[in-house]
Amino acid sequence: MLVLAAWATATVDARSTGPGREVLRLLVQQRRITRAADIPLVRLGTTLLPVAAVLAAAVLPFGFRSVSDLPDGVVWFNAMEALAWAAVWLTGWAPNSTLSLIGGYRFLAQGLAYELPHMLAITTAALGAESLQVGAVVDAQSGLWFAVWMPVAFGIYLLSALAMAFWGPFDQPAGADVAGGAAGELSGVDRLVFLGGRWLLLVVAAAFAVPLFLGGGHGPLLPGWAWTVLKTAAVLGFLLWARRRVPTVRMERYVELAWVVLTPLAVAQALVVAVVVLAR
Amino acid sequence: MDLRTRLTRVALAQPAVLLVTSPGATRERLAVEAELERRDWPQAAGPASADLVVFAGTPLPVREDDWAERVWQGVPAPRARVTVTDAVHAAHALDHGHATLLKPGTQHAGHQGHMNHQGHGADHEHESGHGEHGGAHEEHGGHEEQADHGGHEGHGGHEGHRPNGEHAAHQGHGHMDHGGMDHGAMGHGGHQHHMGAVAGLPMAERAADRDELRLDRLHVPLGPALPDWPAGLVLRLELQGDVVQRAEVDPVPTPSASGPAFWNEPWLRAMTGEPVTVGEAARRQCAAHLDSLGRLLGVAGWIDAAGRARDARDSLLGGAGRDELVPRIRPLVRRLRRSWTLRWLLAGVGAQARGPVGGDVHSRLIAWLDAIEHALDAIDGRERLPARPLRGPRGRVDTETPPSQSLLDALPELLEGAEFACARLIVASLDPDLDELAPQQLPVGRNHG
Amino acid sequence: MSLELFLIVAAALFCVGLFGALTQQSIVMLMMGLELMLGGVILAAGAAWHYIAPAAADGQVLIVVAITAMAVEMAIGFAVVTALFRSREIDMTDMAAELKE
Amino acid sequence: MSTAAFWLLAVVAVASGVMVFRFDSMARATFSLLTALLCVGGELIVLGLDYLGIVTILMMTIEMAIMAVFMVMFMMNPAGLMPMTMIHNKRGAAVICALAFALLVAGILLAPWPSRQGRPPADPTMDLGMSLMGPQMLTMMTLGMALFATIVATVVLATRRGRYDRYGDELQAAPPADPVRGGVGR
């Protein structure tokens, strides 16, 4: 499912060539690396990204079943997504090139900016369900979706979903102004693995919004899995559309917004949810 | 045709193109960009992601440094390169490059040949791979085999290049550069011999940063092959992390094709007394600003709007009528004016109180939008351009110093202390046209179609 | 698997960290040694919880304390390095020791 | 299964812990420390402490990523391209550590460990939360205060500019004099 979704994402990516062709192109391409690069770290960084995405996907319910519904699934997702920090920084550092290192730095700055409100947002969803288990969060939404009565947390989650996959307006770590940034020195299979991992991460992040805020597999008529797919596609579509509407957000601007505006908002949202949960 | 060849053919049906423009080759760049747009071939951000390198104009070495060669070295196989020295042949050159790319041999070795091209009465040269393109091409000159596996030298970064036992005192030499710019795409290193080098890379030294921390300072030459970068501009930056500590503009190599600066052409022609209509000048001005706008938006990461600006520019230069242009350009201008995210992100960057570049990046963008709308109104003007003042897209063209010179002079001060992303925005918001700096030759009736 | 095995692994981590903390001259590297030592403490606390008193949450609380200590140590450590570096351009313990003189 | 996981994680943890001080390159050292600490988190999960294990993984990943930046900032030769040793009194430290390890192991093996009392609760995470918000409230509050003090202390230590630098002597400068403008228009 994930692979399919990543495929679909790639189709509507800015690159107009089909994803299959792009994959082929990168497979045909030679791997090439810069002088005095730390090759083991390049390989580690590039492969860590898709691995982190797949591990994060382990707690994703497809319909109502997931590979492993851990009792702390929400925290697990957060931890695996944080592995991307290490992955992108390594990929930026290891080729020994200034512009790709700047890409790596940027992702850490971005991580620090988005992580605080992001954690509060997913905590709010867990708080609403009174459980860290993803399955329990879905069950708690059989009636009202969390997105309806926690709109702030949902909005913040969507922002951070873009940021964690360094996608759309948050694509500064791999921005065109640093000639591709962290991905700028990768070619051939390395590039394929890294960019594929990024797509996967975006898809997983979008898909995780469904159990957290959009009621998971709950919905009339259709079976659970169909609702999951539909909702994931809708969130993905929205994220991809957002990319066309706004320029790249620079972190020196976003970090202040995230810490001074979004974090207090997220705390307030959590407070409201906590009061509701206590009162019911 | 074996499977591998067929696979390659499918994989490279739309090769990623790295377009590298030399100063003086604006016309060629525009032709190639329009052709890429028509074919739907993507542009690569750097050599590592490119298949086909297109040099618009013959690349000239900067300070004896053959950066073009290093760009080429950074491109993974299969690869091909072509040089477009005349706008008319952009499509042919791309075809050649593509054919070379698909030739089975190129998986492992690049071929380069020279070709002369007869057509349109004038001699056009374009260099390209020697694909079997047939027709009007005559080959002459040798084929230079180009080794393709040059990229793997020096993995041995960790095997100790210098037995340097104790760490000794801290200050001074011995600070390893943590990201020496080493492949040619964005610049050309290797000038900092006084700092010593490890693995052939220059090392960093320390200096106080804007918070008065003495951190490693990297010497990074920026340009000339960067996406959305003024053709031929080379900045020598001292970077700490991603903060520009000092910037210096490198002298610009004299363009080989010393035709008139493309964007100033109507006014330069008017200077010689040729009859130039107001509409023609307005059209060029509008296109010039749309070109700058496309770059600025590209650097700002608004790919969608940048693409629209470029499309509008291409149709302007293609001679589209006002009725066709207004519905394309007006909505774009309105959208950019209204975009609060754009204002939020660009306001306050590169702010300067006075001078030729007063305001910040956002106000410069708004000034372009004003000029675009203004020029769009005059696009059908049939009256003759007044002899004076001749105001081109970047300023007066009839003065001693070209307007881009003052833009370049303003750069170092504006860049100091800016973060890398802001520095790119500042350069893009000034968008100096290095064509103007070449010794001007007045055009002799060569009009752009 | 037994309590002893877990504790021996924890002791090994602790001692490796101690070695690092004692030998490294760079303050940042020294902090990495400290992190490793605290990692050993976390492991030991977890093992003690599991094998001795799983019913009480004290072992878990100790882990929380250790994790917080790691975070605080990192933050303060880097702040000190930054302050030292700003005033004296020093990131080595030996040189910081000379400041006393 | 869990025995195999224990051994694998234990070996990787100790090995990468040793490698932290053997690598020349800062990036490699940092990430081998990260590997060691991730293995510690894994061991906690093996012990049945899912939540704390995952939190350890989360915290350590973020911590090490940030540490890597400080490494690059402050260390000379962060890439390890030019091997150099930056250690002192290696032999003494080795002796101390070996002794400490021997003592610890002896103590571990000889100590009369109490037998297991009680059973792990069904949800140790719930147990931890209840304990932190109940009997261990004092610990929690102390930790909170310590973290808050850390935030203040680190900012005071690390920054050069106070509010008089930003807002002028009268604290009235409308936009503060910052090197970069923030995103909220202050």
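In order of appearance the chains are A, B, C and D, and numbering begins at 1 in each one.
Everything below uses one rule, namely that a contact is a pair of C-beta atoms (placed from the backbone, for glycine too) under 8 Å apart; a residue touches a chain by one contact, two chains touch by 3 or more.
No experiment lies behind these values; they were computed from the predicted model shown.
S.K.: Select, from B-D and A-B, the pair of chains that is joined by more C-beta pairs in contact.
M.R.: Per the contact counts, A-B leads.
S.K.: By Cα centroids, which chain is closest to the centre of the whole protein?
M.R.: Nearest to the common C-alpha centre lies chain A.
S.K.: State the chain with the largest centre-to-centre distance from subunit D, centres being mean CA positions.
M.R.: B
S.K.: Rounded to a whole Å, what is the gap between the Cα centroids of subunit B and subunit D?
M.R.: 45
S.K.: From the C-alpha centre of subunit B to that of subunit C, how far is it in Å?
M.R.: 50
S.K.: Return the distance between the CA-based centres of subunit A and subunit B, expressed in whole Å.
M.R.: Those two chain centres are 33 Å apart.
S.K.: Could you work out how far the Cα centre of subunit A sits from that of subunit D, in whole Å?
M.R.: For subunit A versus subunit D, the centre distance works out to 25 Å.
S.K.: Where does subunit C touch two or more other chains at once, residue-wise?
M.R.: Residues 25, 82, 85-86, 91-92.
S.K.: Among the residues of subunit A, which ones contact at least 2 other chains?
M.R.: If we look for residues of subunit A contacting two or more partner chains, we find 36, 38, 93, 96, 105, 252-253.
S.K.: Hey, what residues on subunit D touch two or more of the other chains?
M.R.: 25, 55, 66, 72, 74, 79, 81, 86, 160, 180-181, 183
S.K.: Taking the complex as given, what residues does subunit C use to touch subunit D?
M.R.: Listed in rising order, the residues are 1, 3-9, 11-20, 22-29, 31-33, 35-36, 39-40, 42-43, 46-47, 49-58, 60-61, 63-65, 67-68, 70-72, 74-76, 78-83, 85-86, 91-92, 94.
S.K.: Given the complex with subunit D, which residues does subunit B contribute to the contact?
M.R.: Residues of subunit B touching subunit D: 157-158, 160-167, 170, 174-178, 198-199, 201, 210-213, 215-216, 241, 344, 348-349, 417, 419, 422.
S.K.: Which of the residues in subunit D end up touching subunit B in this complex?
M.R.: Touching subunit B: residues 24-25, 72-74, 76-86, 159-161, 179-181, 183 of subunit D.
S.K.: Sort out for me which residues of subunit A touch subunit B in the complex.
M.R.: 14-17, 21, 24-25, 27-39, 93, 96-102, 105-106, 169, 171-172, 175-180, 183-188, 191, 243-250, 252-253
S.K.: Of all residues in subunit D, which touch subunit A in the complex?
M.R.: 25, 27-28, 31, 34, 50-51, 54-55, 57-58, 61-62, 64-66, 68-69, 72, 79, 81, 123, 125, 180-184, 186
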